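Below: one structure, written as structure tokens.
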Amino acid sequence: MISFESDYIAGAHPALLKKLTETNLESLTGYGNDPYCESARQKIRAACACPEAEVFFLVGGTQTNSVVISSMLQEYEGVLSAQTGHINTHEAGAIENTGHKVLSLPQTQGKVSARSLKQYLQDFYQDANHEHSVFPGMLYLSHPTEYGTLYSKQELQDLSCLCRSHGISLFLDGARLGYGLMSQNTDVSLSDIAALCDVFYIGGTKVGALCGEAVVFPRHNMPRHFLTIAKRHGALLAKGRLLGIQFDALFTDNLYFDIGSHAIHMAEQLKQIFRENKIPFYLESPTNQQFVILENGQLEQLKKNVLFSFWEKLDENRTIVRFVTSWSTTQNDLDALAQAIAAIQHE
Amino acid sequence: MISFESDYIAGAHPALLKKLTETNLESLTGYGNDPYCESARQKIRAACACPEAEVFFLVGGTQTNSVVISSMLQEYEGVLSAQTGHINTHEAGAIENTGHKVLSLPQTQGKVSARSLKQYLQDFYQDANHEHSVFPGMLYLSHPTEYGTLYSKQELQDLSCLCRSHGISLFLDGARLGYGLMSQNTDVSLSDIAALCDVFYIGGTKVGALCGEAVVFPRHNMPRHFLTIAKRHGALLAKGRLLGIQFDALFTDNLYFDIGSHAIHMAEQLKQIFRENKIPFYLESPTNQQFVILENGQLEQLKKNVLFSFWEKLDENRTIVRFVTSWSTTQNDLDALAQAIAAIQHE
Amino acid sequence: MISFESDYIAGAHPALLKKLTETNLESLTGYGNDPYCESARQKIRAACACPEAEVFFLVGGTQTNSVVISSMLQEYEGVLSAQTGHINTHEAGAIENTGHKVLSLPQTQGKVSARSLKQYLQDFYQDANHEHSVFPGMLYLSHPTEYGTLYSKQELQDLSCLCRSHGISLFLDGARLGYGLMSQNTDVSLSDIAALCDVFYIGGTKVGALCGEAVVFPRHNMPRHFLTIAKRHGALLAKGRLLGIQFDALFTDNLYFDIGSHAIHMAEQLKQIFRENKIPFYLESPTNQQFVILENGQLEQLKKNVLFSFWEKLDENRTIVRFVTSWSTTQNDLDALAQAIAAIQHE
Amino acid sequence: MISFESDYIAGAHPALLKKLTETNLESLTGYGNDPYCESARQKIRAACACPEAEVFFLVGGTQTNSVVISSMLQEYEGVLSAQTGHINTHEAGAIENTGHKVLSLPQTQGKVSARSLKQYLQDFYQDANHEHSVFPGMLYLSHPTEYGTLYSKQELQDLSCLCRSHGISLFLDGARLGYGLMSQNTDVSLSDIAALCDVFYIGGTKVGALCGEAVVFPRHNMPRHFLTIAKRHGALLAKGRLLGIQFDALFTDNLYFDIGSHAIHMAEQLKQIFRENKIPFYLESPTNQQFVILENGQLEQLKKNVLFSFWEKLDENRTIVRFVTSWSTTQNDLDALAQAIAAIQHE
């Protein structure tokens, strides 16, 4: 059965597996101190146009969010997030497990606006009792968001500016960053992100790696003893090579960006299939996650031949579902999908 | 200057101070094992018509909320609360500090409804990925709420019933319980609360004590080794007598309820003063907290002679402010307030 | 029955109760912002000869230890303590509850030495893998210790010097500080402590207050937003006056020191009684806690008439027990004790 | 340069990489719900002779220790460990980060005895104030220990029996279990461990996998919603296949045990080399970690050609160092080591 269930349904991009195999018997020191980790760090610095950046490899997204957020917040601070943000909804309370509150901001299509952030900050500091409340210490964004949407450069600049003027760190969750950077509708580059954020990560797990996220601190602002902090969260890999080798491969010969481009190309074809079959979109997403509205009969038919994700019920008769492309999506997958959809249209 | 700033502006009800003084030189064992604590427990059991209840004395409200909630939740659970609930807004993240998320429910005048709770639970369990989310393990209510409003017996029964059918504990924050129980507009008694809740507390700090909250577990359901858990949160008082003696006095000769009645009587007069002066109420509160809307000019005038709390700006010209009565409010206070308000009306 | 069970068996020193009663009806603002708290802070600053000290009132000892320690440590740090330190043995894991490890140091009669601290630090930094271990971030001392013993000024200076050269905070738990300062065998004053420590507290609960500990940060080094941090730990009292008024009384007319002197005077008499009756001491304590060795038969006899604390079994036939004096110990208590002990000697 | 630095210096056993490569393009569901995870679980159940065991895959050792320990302890409990246990020394406080104290037991060559455990429990429950202390809720053992030593079946039975009679869980850290099971000096089998422990894990990272530890709950005692708990600790891998496929390969055709045997065979040869060269052992280890004592001159010479781990200084002139074999150690490595050691002997 063809699957558009997520961007982590396949193993690793073959180039990564190849490099893991080639280097397999080399004897390397552990915990991220091997030459492949160092090489990957250098390549990431270059890609970010940020030669002084500190780069640390962690294993997965939820882990990265909780280690980064808790290490950068003061005890009396919480993290601001879109109400629909991953840390606020689908991470099983991992942030609260570190003792910090997720402070919810209103959102539109998964995005927060400088306007609503400004309002939040104004209300907070006007409250005579704000010392009895959690201080906003960080803004968490995901780019692409949970809904596949992207911030424009102007939007990021406005948020960044507001954060800096209030002493709030800006953290960008880039679990799907590769797909965001290669969207046809973005003016945001990796170096823009490095310039505007205080910390961000370049997602590996959803962009071709078996696992791994590269956290980037662009301005010598990695929390002191970050390795110890990661260990304390159970996030330090003994065989750090597993992460270093994969990111070294991802940032060799433009692979990370090529993976992104391929998935975007597939997503654009996928959008065309839905459009041609008059299946409406829930929202306009410029990346590899596409949300469409199926009538319940269509949904039942389609799921006999295709795997995709249930998102939420729109009403009694219609359901929002998600289709995702990735580096592993093939033209065959799309052709089969086109057939399957055409079939349900004609029943 | 007369003050309606809060219900903790004075010391203790004189009967409590008297009893503390009379017993002061008695040599008593610590940590709540003295006969006054035991006597207070018995009187509270009687007042709750719950002879088998377990009663534990803690020092303050935020402490009580965090110790009770964290000791009753499983690791994978969070606590549901009105979006405006004290634990969600003005406790500086004390719940999250214990590792648990506060799950926000929509509210009306500070209250949550069985309908919105039902919707939340339905959405939660319908989500195919709910194992990646925080499980709802407890419902937190305050009675009276942050806005002085009260649940009806029917509302509490509906919420209780829904909680029980979903294995969710029901916790009632009674920081101002005395004022709620003696409202002229309530059909809820202490024994109703004991019957419907899994845990609740009878507030002392805001109802005549120097400090102290009596946590009641009505059905032999106090978490095991609760004393050790309290200690671990820094919440176990060496001189437990301080709490036991005060609650013993509060539950002697109906004092707790008399204190409530007095404040309600004062609040009704206070409402009358505002009504007569055509100062609108923000909402209808049947307890000791009253929220009125002042024009900015009125506010500036009034605060020269009266202390009250800023609540929030309603719009450019008007502000919501709070007036609170308590056991220590006197007829003189009210007469002076009436004069002060009349004065601003005639300027 | 006479009791030497602890220094928290009675209520408050009468002067404190008197002041609480006199001020009871005054309308005061909450959370430590009232004039009595401010007056108490000023008097404590003067007593410490530290005009710029920041002073914060908390409720009890375990709470103070956990709030202070967790607010001053970095995430990757733990707190060093004598293996017998209160935080390591009898606080139910309150420090670990804040996420920090208690790092155990060898002790002699409850005290740690600069020598063993130096050894610990040397071993730690020589370990090539020390980044995989908890960093020592603070040294916790109690003065008097769990065994009633005291540090000399030289010992404190040596420890302080070592701490400063390693970037380690020095925290002195003064739950019984009044008794230590007034010992006949000490050369350590309150201003010495303020000069040598980074933070310490002046115990109230065990030195005449109903509750309350005054935390002193001598060098403008109170953690930022400490009030919010305290709230988050459930440690902020609504009626802050309860603490402020008591400490204001304790630091008026030398009362805190007079209480200490009285208890020391009583303890010296108590020691004399044991000496005269040839009951051996477990160790030499210069403060208000005395540890003696009773044969099991003596213990059984004595406990019929006197309350004291079981400490630990020395061997099959002998037990270490603790007798404590306080501000509330009277000459009558001692005379009765002398009789009771003489009685068991002659059986 | 040849390396005996650790058992995680190489990548994965080639059979694991092969299987990862073969299955790479298969489209699989995430989070451990794929057929390879299920197959691996079945094979592990069979290997443990425990058909009803629940098996959960986590990424690394520290993570596994903290997730398992915190999910099985009650709030008022801590975990007992040898003073030298990994959780007490080299996990950066990961256990304390979950709020639980590590309770230190005396050890001999890394092992704890039933005798010292019994003493601990006796002292604890005899203490009249034990409710003010952390309750012992679990015993943590590692097998092999930090020093490569092993428990005998009798020793495990005695500890297990004592734990069960006191309601204490027994948790065995098997990060190097494969090497322990295949030691020539053990009478402990995998099914013995499943019968005697309440939870244990079969280490992958140090026994041929890129990463991964298989946690086994033998008696339907996996904490409820363990997946959610793992997620909350950042320990749930999106591509669960990475762990499932590797463990499936490890438990196919006896590979896990063959890897263990090979490393033991290499370790026996390594011991012979040291013996022949009269280099003394620090202790007798029957597994893949060997601790020898080098004179400082020898150490300097040897480290020019061989990588090994510094353990601790024995005295001014001698140092304890560690040599480790693994699945990747070759006969060539040993021959080169023999030459290098012979060389330093003749200088």
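We call the chains A, B, C and D, going by the order they appear; numbering starts again at 1 in every chain.
Definition applied: a contact is a pair of C-beta atoms (placed from the backbone, for glycine too) under 8 Å apart; a residue touches a chain by one contact, two chains touch by 3 or more.
Keep in mind that what you see is a predicted model, and the values were worked out from it rather than measured.
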Relative to subunit A, chain with the most remote C-alpha centre: C
Result of counting contacting C-beta pairs for C-D and A-C, higher pair: C-D
Computed distance of Cα centres, subunit C from subunit B, in Å: 34
Distance between the centres, which are taken as Cα means, of subunit C and subunit A, whole angstrom: 51
Inter-chain centre distance, subunit C versus subunit D - centres from mean C-alpha coordinates, in Å: 42
Shared interface positions of subunit D, touching two or more other chains: 76, 91-93, 97, 99, 131-133, 228-229, 231-232
In the complex with subunit D, residue positions of subunit A that touch it: 1-3, 5-6, 8-12, 14, 17, 20-21, 23-30, 59-67, 91-94, 97, 205-206, 210-211, 228-229, 231-239, 241-242, 307, 328
List of subunit B residues in touch with subunit D within their complex: 70-71, 74-76, 99, 131-133, 135, 223-225, 227-229, 231-232
Partner subunit A, residues of subunit B touching it in the complex: 76, 78, 89-93, 96-97, 99-102, 104, 126-129, 131-134, 309-310, 312-313
